[in-house]
Amino acid sequence: GCGSRSDDTEGTDTGSAENKVAKIGVIAPLSGDLAALGKGIQNSVDLAIRQANEAKTIPGWTLELAAEDDQATPDVGKNAATKLAADKDVVGVVGTLNSSVAQSVQPVLAAANIVQVSPANTNPALTQGADFATAPKRTYPTYFRTCTTDSVQGPFAARYLFETAGIKEVATVHDKKTYGQGLVEAFSAEYTKLGGKIVAAETINPDDDKYDAVISKIKPSNPKTVYYGGEYPQAGPFSQQMKAAGLNVPLMGGDGIYSGEFIKLAGATAEGDLATSVGAPTDTLESAKDFIAAYEAAGFAEPYEAYGAYAFDAANAIIQALKVSLASADSAEAARQATVDAMSKVSFDGVTGAVAFDEFGDTTSRVLTVYGVKGGKWEAVNTAEFK
Amino acid sequence: MSAMLEVRDLTVAYGKIKAVKGISFDVEQGEVVTLIGTNGAGKTTTLRTISGLLRPSGGSVTFKGKDLTSVPAHDIVQLGLAHSPEGRRIFPRLSVEENLLLGAFARKDKEISNDLQAAYDLFPILEERRAQPAGTFSGGEQQMLAMGRAMMSRPELLMLDEPSMGLSPLMMKRIMTTITTLQGQGTTILLVEQNAQAALRRANRGYVLEVGKIVLSGTGKELLASDDVRKAYLGED
Amino acid sequence: MSSSRTENLAAAHGGKAPMVAIAGGALLMLSGLLSWSYDDRILDDISVRFFPIGIQIYSMVLGLVAVGLGVLLMRRPAWMDPGKGLRILGMASVVFVLGTLLAIAKQAGGIVNANEGLYVALAGAVLAAAAGYLSPEVHIDVRKWPRLNSNVEILIIVVLMALLLFTLAYTLNIEDGAVFGVFLVAVIGIVGGLLGSGLGAYFGFIGGNNRRPLMLAAFLVAFLFPFTQNGSDENMSIATQILVFAATALGLNIVVGLAGLLDLGYIAFLGTGAYVAAMMSTSAFATIGWKPPFLVVMLIGACTAAVFGLIIGSPTLRVSGDYLAIVTLGFGEIFRLAMFNLDGNNGPDLTNGPNGIPAIPDLVFFGFDFGEVHSIAGIPLGRFSNYYFLLLALIAFVILVFTRLNDSRIGRGWVAIREDERAAEAMGVNTFGLKILAFAVGAFLAGLAGTIKAHVDTSVSPDQYIFLESAFLLAAVVLGGMGTVLGVLVGATILKLLPEKLREVNDYRLLMFGLLLVVMMRFRPEGLIASKRRQLEFHEDDEELNELLQAEHLQEAK
Amino acid sequence: MTITEPQRTPHEVGTKIVLEASGVTMRFGGLTAVDDVSMQVHEGEIVGLIGPNGAGKTTFFNCLTGMYIPTEGTVTLNGTKLPPKPLKVVRAGMARTFQNIRLFGNMTALENVMVGRYCRTSSMALTSILRGPKFKREEAATRERAQELLDYVGLSKSTELLARNMPYGDQRRLEIARALATDPQIILLDEPTAGMNPKETEETMHLIFKIRDSGMAVVVIEHDMRFIFNLCDRVLCLVRGSLLVEGTPGEVQSDHRVIEAYIGGDEDKEEIA
Amino acid sequence: MDQFAQQLVNGLTLGSLYALIAVGYTVVYGIVQLINFAHGEIFMIGAFGALSTWLIFFEGETALWTLPIMLVGAIAASVTTAVLMERIAYRPLRNAPRLAPLITAIGISIFLQEAVRLGFNDPTLFLSNWNPLDFPSAKQKVPFPQIDVVTGQAFTLGGVTIQRSALFTIGCLVMCAAGLWYFVNRTKTGRGMQAVSQDPDTARLMGINVDRIIMVAFAVGATLAAVAGVAQGLQVTNINFKMGFLAGLKAFTAAVLGGIGNVWGAVVGGLTLGIVEAMAVQFIPGTFGGSPWKDVWAFALLIIVLVFRPQGLLGAKVVDRA
């Protein structure tokens, strides 16, 4: 016997009927290899929205989550953005995870005046334009981020390798995507400036799963570390195959490889591999205690991962802006522009530290951490503010 | 004793078109029986149904007392009923010898090589070209191969569909002789021929098919003598 | 024969079929007035009695058609086979009711939540189906088609088209995935039942008599469609995707359906057009400095694609059959990989690599900005509607090219090549030239579509042009019916629309999609709308069809 | 023997040579399928080609029509050398039929013949799309001519039948109509009566006479001796690739070498009789 | 020189994998002229079959003796899927138009990928609420067990590193190829396969059970693909539901390169393709070299080969007798 006559009146009375609805979108990889990070973002935004609704942060309005999967591909991400933009209730979007996806999402959301806050995009060009190093120019007024950029992360890793670890010869590999390539470029510039030597520079195609040929090509140049620009689904196997092929040096990467999944994929030989990631480790932050507790209490199936805290802050940044913009608006759509305007003035103490944006939409924080694989887990090696 | 092959009220259809509309005939052990008829009369269709390539929509086929209507084609061969199809249908990319050996696919005995030699003796060209891909053969050469291949299964009943098509007069005679020889060796033969004259001459009995029905039957001699047959199939006025 | 048992059954009880059909239809109609579910929050509230909505109305329409077919069964016109219609309608009705039951059970948590109306409907559906199987096998005589005044015929076409538009608009606006699903089944039942009973062939005949009005009416319907959307861009965005896809598939249809050359890398031509347009657009990521007006870009994109078509087609001089298929697949992959790589890091900087060229601005034609909302007769038409009209013009052009080529010396040459290339050559057909031409024309059309696609999509990236997309294009052609225009349009619509509307089952979407491809091919291997000739080809000789074909030809000859 | 009294009507064979093949040789690996064969065909002449199975008759046809590139030898039509390209051969005015019927099965009879008109018409893609008056005229002419040819070979009623649904004999006739549609000066027929009964064979014979009478030259391969000897002005017999005998039907059928290699000696006669 | 030898080894390894999969395409194509696009998924299912076997019976165990059992599990999974697929989806389409089975193949390919993605970690999808197996989710890459002896520290031979898994892969190819050669050329079933491939109707008249032969062809292909699946898992250390697609595409290319329908062609084509890819990474200088272009070179090679040898490297020329 299955089911019963449905008389359980569940879900009919959330929020008073007169409340208007505004949606905060999420665009992140919810399926596929990067879903671990994406789910962490989705859940954290969900948490922020639930808390805001509970606390009635924005009187007269109920916030809802509208999560869209971008499968970590620009095209799908763009379609997700189009869909959210067509939804009149959407006032802000948290996402994307990947810089490459952000590139396609930015113009769509900008055209609809929807504010976008990314917890994870680290490519500097997204805020400061293609010539960020020489002539920074804001590209989209609607775009903000809560994480620091690769023009900090790359050099940070370079200094760590050259100065702290004393490694003078490095091979670089990247996956050609906005993030990977940008990171390697930033790293290489600083590393050579410091006096280090890039002994080999290769690229891979992220669709591949065997890297023998590339590894064999790098090996004779005898690098002491391989610096990888890209994400863990490729970096994990790359690290493993590198070592199986007898290239027994550590692999180092950026925030894209800082995930438990990396270690799972790389296996036992991942020991000693390195990664940098934005901010300080979430679990060591005093300010994150509440977030972590609330996250656990909410009973999400997936961990918050590297970007949970940033996504939480991003969502709250939007909510802060909405407090201003929705107050006088009679429809969500009408509040879009006001939200964008309010965003640059947002400033509060978030989980990851002070949340505020500079004239480009970048976060003002420049803290980074080096992690290493020890005993099958990522462990913080060194946290510092980049100067 | 009932006949070796009994066809009763057989109807066969392609989609909605009935190609064979309820025919009945017998083939007795040791006989040569021929089916003649105009183009499209349903001769080929009948043979294909007997050998299991087509399923009848009605009626029955019995071979040596066993009902064939639901036996798959590949098992029918094992019962001793071989079919040399219309248009030769040799395996073009296999060599001549491989083609012949495939004829014996259903056999499990050890005398296959003897029969192979017998086929070569009958058609020396086959032996000469035993390694040539059969697809490069001329039409007539292919016909010989098809005949040889059918014999390789050592059938009790051999069905030949237009074995003389495209053959030179000489070859045609040889094929006809072969049929007599085979009959002498005890093989029963069901022969479909366009060359009615030659066929009827060596047939014990014959049936005339027209648009899916048997319109005439009798011994070979009777049919040869029949005015209707002479007019319609022998081209004599 | 498997059908012999049903034949016997029909022989024994055939006389009762009309009554059974009418009874079944009546029950279905009655069920519409009864409550279907205990739960009022699901399937648009079907718990109310004597106030039919949604699903209940579908059931009533199904019933009405069943009654109609039952009556026809009693006094059968020689050109109809109501029994066949009833079989389709009945089976669809059963699926429809069971589907509803499933939805109720799932959404309300148990079968107990189903009310009496549903069971009455089920009984009616079963009876209707039974009537179908009870009715005797009949021979359709297409020569008995009623001959009508051509104005009346045109009127029929117009009414049918209006119905089509209404159904389309209605369908797309169904929000609830479950309702959408059962509605689809109901439509299959109603339309299938009517068309299957012989009306389909008859309408085809009428359409054949009035080609021009038919085309005009069809385009009018397509043209009016955005006005039914009330400014919403949601369906229009899907519609633009469908049109781009269909235009490309029609181009592929020239290569595959007409010339019989299997092309597994076709998406590259669409990509060529899109990349050309993107690189010449004013996007900040565009890599070519020259910014000609869009019409010029269109031509450049299409011509570039055509040139690629020539290149890809040139191995056909030596390579044929499935070997050619893999050559095209290879070219397709080379295209994608080249787009993936040409970012300055590997090869020259042209395409921005895997990240593609985003931020392609909207088109502006003589001051008409495609990105803006424009109002016509008070109905707002959004960005996608604007592009929709542009694409409609494109499709019209593509169809024109397709049909005119098909019905010409060139088209005959293509079919001859498809049938027997060697023989065609021996009969004086310039096979190489024609094959190359097929590739070039097809590529040209796809390239054209690509240039517009770049602007509709606002971005191009290599992952839009993967092999799977080529496979889908091919699926649209085969699924719809090779060599036909209508078939490809239908195929393209199904392939693009279903995944969108299947979002209800989001995680299982692709799974069901894959399954659907398999099932469709299983039951209609010749495609949904096979060209008459093709149908003959595949279903072996079917007297009926043959007659039909001849009747039509006679008609044409007059 | 049944082949005795030729019933053919005497007629004038032209003196102009239409087709000339000289020294045609075709080798497949070690096998010489056609060995240095030369042949001349005059205007209005019917030439028969006979020979045992595998003698190389079809291969010879393939060499003449450019389907095979002969290892050696040349083919000239009206004094111009033909390149071994089927397309150019047809355009130059030589058409053929196939031993194993190769119609376009899923096209109607009419369409099959219209395809034959391909090489004598010229509208290309753009013309077809634009549909100018020239295009319309050409289409109409093509259709008309095709129908004419169907009438000519006696298929008036089968215009709209799919080729593959037609009876065997009609298919062979359709092949001939399709070949005629290319406006040839010479037509090569490969076993046009194979699989036909004597009555149909008779009809085909008259058709070929009709074609000849319209001024075309005909070369025909057949194994039906009565047919060949009644039909042809001249007969060539190929054996193992080489030309064995050439002469009038009377000469050839009484040549003992032909009888031995091809027709069969007397000892076989009673077998068949 | 070392680099050349090294890349040759890499290429052979990759090529062996392609070859193992390519044989499946070739055998099936040879018989039913069907491009079975779903064959890549059979390979993927082999890998998952092996993984499941390991998870169910010896999770945590990495001793060599588990390998044969994993292979059996892989083969069982692949062969079952392939045979069912043939029976349910392809057989009814035997007489359908040529492209219909191709679309079916694409449908099956998508279906199988999704079925594994959704079903592997979640038996609830197919079997109500019964979930005794705690499988990892297949929605992302899943680590593959690293078995002793065949994985681990690589061998070095005069400057050339040879991985253990590479030896395993090449060894598998050699053994499978030898077995297959015997099967096709020395057994009656093998000759039957050739006959069916050329004329199924007439083959039936010879007493050949065509349905069985076709099924055998699918099963043979699936067996080799399953072995390849295990080899891939050991080499790459992780597997995922998408892995069959690209590998399948490459293997199909290899089969055509070698001459589709020809078993040796598949082996030669696979090895050639693998070697070309490896060499392209190392030896093509400038910006058109390196890993991202390797597939382009592989496809370019394919096209060039086909233009000069339209029947593939070892394919037999099909005679078209007019």
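Should a chain be cited, it is by its letter among A, B, C, D and E, assigned in written order, with residues numbered from 1 in that chain.
Please note the rule applied: a residue touches a chain if its C-beta (ideal position, glycine included) is under 8 Å from a C-beta of that chain, and two chains touch if they have at least 3 such contacts.
Going by UniProt, the chains are B, D = ABC transporter ATP-binding protein; C, E = Branched-chain amino acid ABC transporter permease.
Because the structure is a prediction, the values reported are computed rather than measured.
Chemist: Going by the contact definition up top, give me the pair of chains with the most C-beta pairs touching.
Modeler: After counting contacts between each pair of chains, the winner is C-E.
Chemist: Using each chain's Cα centroid, which is most distant from the centroid of chain B?
Modeler: A
Chemist: I'd like the Å distance between the centres of chain C and chain D, where a centre is the mean of that chain's Cα atoms.
Modeler: 47
Chemist: Please report how many Å separate the Cα centroid of chain A from that of chain B, as a whole number.
Modeler: Roughly 77 Å, centre to centre.
Chemist: Roughly how many whole angstrom separate the Cα centroids of chain B and chain E?
Modeler: Once rounded, the distance between the two centres reads 43 Å.
Chemist: In chain C, what residues contact two or more other chains?
Modeler: 337, 340-341, 345-346, 422-423, 426, 534, 537, 541
Chemist: Going by the contact rule already set, what residues in chain B reach two or more other chains?
Modeler: 136
Chemist: Which residue numbers or ranges of chain D touch two or more of the other chains?
Modeler: Correct list: 58, 67, 98-100, 102.
Chemist: Taking the complex as given, what residues does chain B use to touch chain E?
Modeler: 51-53, 72-75, 77-78, 82-83, 85, 89-94, 98, 101-103, 105-106, 133, 135-136, 149, 153
Chemist: Provide the residue numbers of chain D that touch chain C in the complex, in ascending order.
Modeler: So the residues of chain D in touch with chain C come to 65, 67, 86-87, 90-91, 95-96, 98, 102-108, 111, 114-121, 123-125, 128-129, 131, 135, 138-139, 142, 160, 162, 165, 178-179, 182.
Chemist: Going by the contact rule at the top, pick out the chain E residues touching chain B in the complex.
Modeler: 188, 191-192, 194-195, 198-199, 201-210, 316, 318-319, 321
Chemist: For the complex, give me every residue of chain A touching chain C.
Modeler: 1-6, 73-75, 78, 82-83, 86, 100, 103-104, 106-108, 111, 130, 139, 175-178, 181, 203, 205-206
Chemist: Which of the residues in chain B come into contact with chain D in the complex?
Modeler: 38-40, 87, 125, 132, 136-141, 143-144, 162, 165-174, 176-177, 180, 194, 196, 198, 201, 232-236
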